[in-house]
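After this come two complexes, each holding chain A, first together with chain B and then together with chain C.
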Partner chain A sequence: MVNWLQRIINRLFRNFFKKKGHVKLGLYGPPNGGKTTLANRICKDWLGEEMGSVSNIAHETREIQIKEEIHIKSDGKELSFNLVDTPGIATKIDYEDFINAGMKETKAKKRAKEATKGVIDAIKWLDEMEVVIVVLDSTKNPYSQVNITMIGNLEARNIPVLVVANKVDLKKSNVKKLEAAFPQYEIVAISAKYGDNIDEFYKSLFKLAG
Partner chain B sequence: MPHQCVRCNTIYDDTAKEILKGCNCGGKLFFYIKKKRLEELKETTTKLTKKDKKQIEEDVLELVGKEKIDQDQPVILDFESIRILKPGQYELDLVHLFKKQPLVYKLEEGKYVIDLPVTFGQEKERIE
Partner chain C sequence: MLTLHFVPHYKIESLSSDQRIKKLLKLAKQNKIVVLEGRLRKEEETELIKQTMEEINTKFKGIELAVIYPESESNSLVTRAKNEVINFLLGERQGMTIIGPATIVKKIKKDPDQITLLTKEKQKKKRKK
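Let's look at the complex of A and B:
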């Protein structure tokens, strides 16, 4: 009963802020899915500046990054939001992976520790989010523990979700598999790096949060 | 199910007064053990060197924030959210983390640290 009431209150609260145009929009997903690349794309398109650094080595973003007051326009409508880029969510973080990617041991261990803290912070911040964009690498198997746990949890919290199938510019990309894994969601296939289909992404974002 | 003192590893039964008053060694942090799980963990943790264990302890205290741990209060832990296999290797239980259960960091066999503010935050939520 309390949960039910809480949910209604949360939804009213969320709608209230939505109308005011101050949506808190979170980018979530496993490491190296392209969250920061997408955040940079959004910031470059609408603010003319980048948000954070990207790397081929996983867990480049280890702290929550926020860009406030982004205004986007599509079909004569305007949407304002605060963009929150989060560290990649993982079930296992091993410094040896970073060493294999060419990092020195001390640095790799530090990265592992910071990445672990990043996962905890990202999950803690979920309470603050009004809309979530889940960024998934479309070249990878979508049926992972991280994806299932994360998306299931967002559903349980009644947070509106847009699933992005990123990296469609790569040969191995398989959007169909991703669509089959999460049939209850609208999936937008993009390349955050090259901007492929990004207009479609903005349109979907409007539909969800506008 | 028995409880084990984090400091000296002594095992007490459920009804033991030491769990409420504190262990004879002065330790007040206990963890709840499942025998099956303990056997599994023994294997991985016996391989750790003293230096590794010290490093793990420092890492965890840094992750939680040293000032957050009140060592005067007995704390009983019965699950793990984060396991540290050795320095720099972490396993995270996402189901626990997403469910907003208290954060427990496993240092080594018999040694855990709990993120108290998260736990108390939950209590507050429940009362409200």
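Let's look at the complex of A and C:
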């Protein structure tokens, strides 16, 4: 009962700010799905500058990053939002993986510690979001429990979700598998790195948050 | 030695969310692969991930998690309605949840209706010269 009431209050709070044009748009997903690459693409397209650094080693983004007041235009309409890039959500973090990727032990342990804190922060921030873009790597198995838990949770909180199938420029990309895994959602297939199909992405974003 | 620990749903149904999560995490931290009858609530699954992160150290590296649930878009309307009634009567007792410590479980591969659990190879002990 308390949870239900809390959800209604949150929703009213969210709607109030949405009308004022301060939509909080979160980028969520597992590590190395391309959240920061997409955030950089959006920021470069509309602000002319990048948002954060990207890396092939997982957990490069370990802190919540916010870019305020992004205004995008499509088909004569305008959408304003604050973009929140979150650390990748994972169920395990092993500092030895970072050592295997070429890091020194002290640095690897520090990265692992920061990464665990990042996951906790990303989960805490879920309550703050008004719209969420779930960024998934289309070359990976979409049925991972992290994906299902994350999307199920957003659904339970009544937060509008857009699922992005990223990395379509890669040969292994399988968008159909992703569509089969989440048939209840609109899936936008893009390459955040090269900007493939990015106009379609903005159109879907307008449909969801505009 | 690999230990599978089965947790029947009645063992957790009277517990609070926090107690449920702590109980399951405690078992995983004892290097046991937990097989739970049924599933946690959606918000409990997220809380499980959060609390797992809080517990991570050099020995405990997190968990592998998978849930199998008899819920498919291909199910007919009648089947889905039947599942809803069962859920209402039995709570979250349908399906199965597997939680394995990441030090033992390398990966849980999940395709819609089946789970494959891959364990890590035991590390060879270095011989003393």
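Methods note: the second predicted complex is superposed on the first by the 197 of 210 C-alpha atoms of A that agree within 3 Å, B and C clash if a C-alpha of one lies under 4 Å from a C-alpha of the other, contacts with A are read in each partner's own complex, and residues count from 1 in each chain.
Throughout what follows, a residue touches a chain if its C-beta (ideal position, glycine included) is under 8 Å from a C-beta of that chain, and two chains touch if they have at least 3 such contacts.
Here the structure is a predicted model, which is why all the values come from computation and not from measurement.
Engineer: Once chain A from each complex is brought into register, does chain C clash with chain B or fit beside it?
Structural biologist: Once chain A is superposed (C-alpha atoms), there is a clash between chain B and chain C.
Engineer: Mind working out whether A:Tyr194 is in touch with chain B, chain C, both or neither, as first, second, both or neither?
Structural biologist: A:Tyr194 contacts neither chain B nor chain C.
Engineer: Now for A:Asn141: first (chain B), second (chain C), both, or neither, which partner does it touch?
Structural biologist: second
Engineer: Does chain B (first) or chain C (second) touch A:Ile89, or do both, or does neither?
Structural biologist: both
Engineer: In this superposition, which partner touches a larger number of chain A residues, chain B or chain C?
Structural biologist: In the superposed model, C touches more residues of chain A.
Engineer: Contacts for A:Ala108 in the overlay, against chain B (first) and chain C (second): which applies, first, second, both or neither?
Structural biologist: first
Engineer: Touch test for A:Thr149: chain B only (first), chain C only (second), both, or neither?
Structural biologist: both
Engineer: Which holds for A:Gln184: it touches chain B only (first), chain C only (second), both, or neither?
Structural biologist: It touches chain C, and chain B stays clear.
Engineer: Counting only touches as set out at the top, which of chain B and chain C does A:Ile120 meet: first, second, both, neither?
Structural biologist: The answer is both, since A:Ile120 touches chain B and chain C.
Engineer: Looking at the overlay, which bit of chain C runs into chain B, 55-63, 73-81 or 109-117?
Structural biologist: For chain C, the clashing option is 55-63.
Engineer: Where on chain A do the contacts from chain B and from chain C line up?
Structural biologist: 89-95, 109, 112, 116-117, 119-120, 123-124, 126, 145-146, 149-150, 153
Engineer: Please name which positions on chain A make contact with chain C in the complex.
Structural biologist: 3, 89-95, 109, 112, 116-117, 119-120, 123-124, 126, 141, 143-146, 148-150, 152-153, 155-156, 180-181, 183-184
Engineer: Where on chain A does chain B make contact in their complex?
Structural biologist: Touch residues, chain A against chain B: 89-96, 108-109, 112-113, 115-117, 119-120, 123-124, 126, 145-146, 149-150, 153.
Engineer: In their complex, what parts of chain B are in touch with chain A?
Structural biologist: By the definition above, chain B touches chain A via 59, 62-63, 82, 87-95, 97-98, 103, 118.
Engineer: For chain C, which residues count as touching chain A in their complex?
Structural biologist: 42-43, 45-46, 49-50, 52-54, 56, 58, 61-67, 73, 102, 108-112
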